[in-house]
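Both complexes shown next keep subunit A, but they swap its partner, so subunit B is in the first and subunit C is in the second.
The block that comes next holds the complex of A and B.
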């Protein structure tokens, strides 16, 4: 009897306004996006019809996605998705503005990312299922990563000073990005199990592999991201600060040994905090230009298409924060990076009420990974940290990075009790 | 589970670190924005590393000294104006570190933190600068230097505004000599240096003013003493030769300054001692530097720490290891002229930035009142009784010449002084490197410039 009763007036009103809120936020986002689309579609006294179609299509896709998820899958909250839409939209505009032909692959990456996000979100719903695939996934990931490395080493070779690019059918992918997903997955799942010694050893082997292979690939940024995420997961699980410090000390010793054996590692970071003395060599070339053009844009930017940083190598990947600063202004640029802090807060808040420790740890690990990567990116190109050449999640051009970012969002979303409406209702 | 949610707070620590990083980034954007945006790498305002997109620089009569036209930086259409104002205005590549086109670049390109370089790139609204410099007087000064290296600067000692600041050698920025960096004859030596601001020279007899001030401060009866010059001043086997080899004979203190007697001033320096001389030199600001419209001057050097008596004697007449900066010399004259208040020179009258360097007093220069009165009288006496008022018609001038002996070539010809006329409050410093004798070469150059200022 009670169940049949209609919700109280106040409750109905609340629901109604919540619905309006979502539509309203999406509406504001769409307006913002249309304004940013204009200079991408019309520039150099030309119109770019394909780009116009794709960009407007992207905004329509956002509406369609929210509508379908709400009506057919009864999803109620879309905070994370809105943030991702906002970031992806800016990324699309910047990459398309710099290089119009890239829009097809970039938009495909976004949509593929969303598909991966929803599949992973569905998969994570059942913790038992997660536990079952944990071990096979760990083994497969290690083998895959090692195979990729060997293949690249033998058949592909160095690109931009690292062995981290793979080409399949004309599409370039970074295997490390895909490994990131498995790293969080396996890490959070392993440590959810009872803290048995055997379990720990297996996990440490897995983590060492994931951290070690990027070192061999000469991709220090990715190795650092894995290491940092490992520390976060280990701390969340054990709370043992002494062990964590011990691990860090070992890592420092390891780093010193690596630098002693492989001088090129140290050479890469020679210009750190000395970029103004290295304006015309690879040590400081990108950082100096990023700083100069960041401040040239001011708070409001010079307008998309009016920048000069876009002509510098890696402007749409590593330096995308600088391009946003210069062309869209510091306000937009800082909003973008603050989004990642908001996501991290969201993850912590939700991890408290998550139905299982797996969700808590996975959410925090994924959020920490994103925030750490963001820090490496923006502080690296502005010379506050050494330049490691990592991407800005969602915004930088690149398919594997995009898919990885969306997949990490699935871990964060999974900790939200509202993520699985039916489960939530039953419980 | 409870523990884990507690440990999740470690993420907050990461977030805090992240925001601290963002804060530092924002701070460095605010603190260094102007410097970074005006870097030569910035292609919004530079092309081929030459400043192209910047505001106009005017002289005090709104004559254009430098401007951007059709994306190119062009200078005054008059050759002599270009050459004589080069070191103040600066070149477009930034070789002249103390030039305004280097130091005021953020203003000239219209940079500000909120808009970045939007004003100059999109709005075409750059920031202009108006100088206190008079292009015509600068031309006169350039011509008065007669091809010598050196510097001439004249300023209003009551306000600090600089009327002319010329440094030689110079070049035509519209037609830069191609051999400027490869030349080995030395004709371009220090061409990128503004000698007035960052040059140092042996002062020679001009430094006797400093020795005189020290004597007035420390020897109560110095003005009533009588000195005897025999053509040299001996200490043991060493001696300081006088400019008059046969000797000036009997002299008062004032007469000794008039004729610039080396014997008398060497004797006074020896009598005063290292400590007192060093202290006076410090009180007159020689150990400090000032900022002239964002340009830092160099410090003069005066070091008696290992000096024997004979060295002190040489130092007292402006030789030994002493090197002085012309700007410091001008401020010393300014202080004597302006009742002990040395105005710091400035050249930027108006710019988009609030000019807070206008009308500042150099606190490092202090002269006591009675000394001030006497030294002013003595400097006036130099002109009246020795150089002749006809050298500075109608200007009521005071000053001191110098012919500084240098190891290579002719002596430096110096003159520095000021006018006592209330309606003509100008002080001037002339330093012609290897230019000859102060009286013969520096005084006529000074007068030409002063007459040009008076005729405006």
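The block that comes next holds the complex of A and C.
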């Protein structure tokens, strides 16, 4: 195509795809969710009325949310919210069909996540406000994370091989998931273009704390996610490949030392790429069954509730992608992966037109965090990477993970000037 | 139940593909197009550096948005920031500092269109269009209730300001650039009457003027163009003048000979300033803001 025609062509495309038809997408989502709710509400020759009420309530909540945001807050772009609704809907159905009692906490997590998302979006619209809280937040986060680790180590103990579960009033919380929000927030605010090298050193200290504590907690997946996000933020700030390679080289040396000193980490690497030799022990039991059942689902799946992977341990958390593959099919599973990839591209595309460097860095860091977590989850259970036990954002069971995923979406959305229609209505 | 599950196995993937595709297209293609909010013009050679982002970094390093090849400029020297309540400049602890209209900048300050920024030893004129976003900010009291400018007023460039590429405006010194004479444009729909402040296209050779109205004025040799030119070197649909929020801009419509603004080829929409020279084929036109009422 002639280069001179590109601007006009792009402008036409932009106008055509400026908004999605809200009612149409909500209608399609509702039909989708209707078909996924039926096997959850009626199974094992029983009816589950509480679950029916909760799931229908979730769909009605989606409609109400979009209506309120559009009518009272003049918002017109809901693409990210629709993707999140879609993923949360799948997660709710899969987890409820495996364990019907989880619906209450899971739905509460979704609604709490949406509230956090909107509060954070409101807070982020003023960069000066963000800059004021970054230092207190960094200090509080490090102290909170360290205190949680010490408390879990002393009072709670190991769960699923790691010291990363906290119990408050019968509800289990993963502090590391909440720290992820602060990690992106402080990172983007500290490395803003307007600030000086002094902030870089402060952020390096903060990042080392956030990466080091999960290592001590034996939560290698979270440590890796923090490290990868740190690399993305550092690159966004400096654009210097040599510095990034230097950091990576130091990290590789650190990883070799950790593997040499910590036998439980070495054990995970021992099983990596050898799962078929460990089909009946912890090294490859989950991965082998995930691979077999994923394939048995085919393109269209066996139907929700008809799979076998749901009987394996951690089927609603680490292995949830395998359950989706088996029961809803490869097409739906592939679309879930596409969603995260597209969100990462969207964050990069938006970063040029974002109202501040803070938004650009925060959006790219949040998208990278989500994409890396998704990759660790999917590649981990399919033996393309060592199994690290991280959740699939929005889909896996877990309240902390759900709230964190929604908060990360707020950072991505904040970089789009369309997120603040009242403020940037002419931009 | 089996029937519903059988139907859902087909319906769910189809619905998923539609939902994801719709959202994906809107996310990737529907974001706002890039605009030029203003310029800093090097007063030594007239080179214009566009301010196309909310925050534009300036320095000697290649990592900056605007790279200045002066030894007195630090690697990361300054950031010009467009905010809701106005434009700001920040000094990134540079060695040689920044001056605004001759006054030394401590850390950061607001800047106005027409201010002279001295970065190291180089001086730049800061030019910006009337910003509707900032106008909205002022309206809501975010700028201390300063007087609000007209949102659609064309950006002003100071007189005798050198243009990019060393061009000298051919109308310089012409007391009456709007005098009638020569061959008039075969104009379809563009009015020829205007008042002070209206943007217009002037043919410097003939003195003919065409006042710009509406949102889009197509220029070319074709019968369907709003502004018709009889020059055979001009394409049937050569260029378009488009009214953006920041003011009038020119964009090429895929012409054979190309569209040039102050001697530089137009490959993306370019904001027009008073006195800019537009070259379409062999025809040269001038973009002016009327300084008096014209009937």
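Quick note on the criterion: the second predicted complex is superposed on the first by the 401 of 427 C-alpha atoms of A that agree within 3 Å, B and C clash if a C-alpha of one lies under 4 Å from a C-alpha of the other, contacts with A are read in each partner's own complex, and residues count from 1 in each chain.
Here, a contact is a pair of C-beta atoms (placed from the backbone, for glycine too) under 8 Å apart; a residue touches a chain by one contact, two chains touch by 3 or more.
On a predicted model such as this, the values are computed, not experimentally measured, just so you know.
Trainee: Which partner does A:416 reach: the first (subunit B), the second (subunit C), both, or neither?
Mentor: The second partner, subunit C, only.
Trainee: Figure out whether A:378 sits in contact with subunit B (first) or subunit C (second), or with both, or with neither.
Mentor: A:378: touches subunit B, not subunit C.
Trainee: Which chain makes contact with more of the residues of subunit A, subunit B or else subunit C?
Mentor: After superposition, C is the partner touching more of subunit A.
Trainee: Is A:269 contacted by the first partner subunit B, the second partner subunit C, both or neither?
Mentor: neither
Trainee: In the overlay, answer first, second, both or neither for which of subunit B and subunit C A:303 touches.
Mentor: After superposing on A, A:303 lies in contact with both subunit B and subunit C.
Trainee: Based on the superposed arrangement, let me know which partner A:294 touches: subunit B (first), subunit C (second), both, or neither?
Mentor: In the superposition, A:294 contacts subunit B only.
Trainee: Using the touch definition from the top, say if A:337 reaches subunit B (first), subunit C (second), both or neither.
Mentor: In the superposition, A:337 contacts subunit B only.
Trainee: Using the superposition on chain A described above, determine whether A:122 touches subunit B (first), subunit C (second), both, or neither.
Mentor: neither
Trainee: Regarding the shared-chain residue A:63, is it in contact with subunit B (first), subunit C (second), both, or neither?
Mentor: So A:63 meets neither subunit B nor subunit C here.
Trainee: Should A:144 be classified as contacting the first partner (subunit B), the second (subunit C), both, or neither?
Mentor: Touch partners of A:144: none, neither subunit B nor subunit C.
Trainee: Considering each complex separately, which residues of subunit A are in contact with subunit B in the first and with subunit C in the second?
Mentor: Overlap of subunit B and subunit C footprints on subunit A: residues 239, 299-303, 306, 338, 345, 352, 357.
Trainee: Help me check something: in the complex, which residues belonging to subunit C touch subunit A?
Mentor: It is residues 1, 4-13, 15-20, 22-34, 53-55, 57, 63, 79, 81-84, 90, 92-93, 132-133, 135-137, 151, 240, 245, 251-255, 258, 266-269 of subunit C that touch subunit A.
Trainee: Okay, in this complex, where on subunit B does subunit A touch?
Mentor: Interface residues on subunit B, with respect to subunit A: 1, 3-5, 7-12, 14-15, 17-19, 21-22, 24-26, 28-29, 32-33, 36-37, 39, 41-44, 111-118, 121-122.
Trainee: Per the contact definition, I'd like the list of subunit A residues that touch subunit B in the complex.
Mentor: 232, 235-237, 239, 279, 288-289, 291-303, 306, 308, 326, 330, 334, 337-338, 340-341, 344-345, 347-348, 351-352, 357, 360-361, 364, 367-368, 371-372, 374-375, 378-379, 382, 384
Trainee: Taking the touch rule as given, give the residues of subunit A at its contact with subunit C in the complex, in rising order.
Mentor: It comes out as residues 2-5, 7-8, 10-11, 13-14, 16-21, 24-25, 28-29, 31-32, 35-36, 38-39, 42, 77, 79-80, 82-83, 86, 193-194, 196, 238-240, 299-304, 306, 328-329, 331-332, 335, 338-339, 342-343, 345-346, 349-350, 352-357, 416-418, 423-427.
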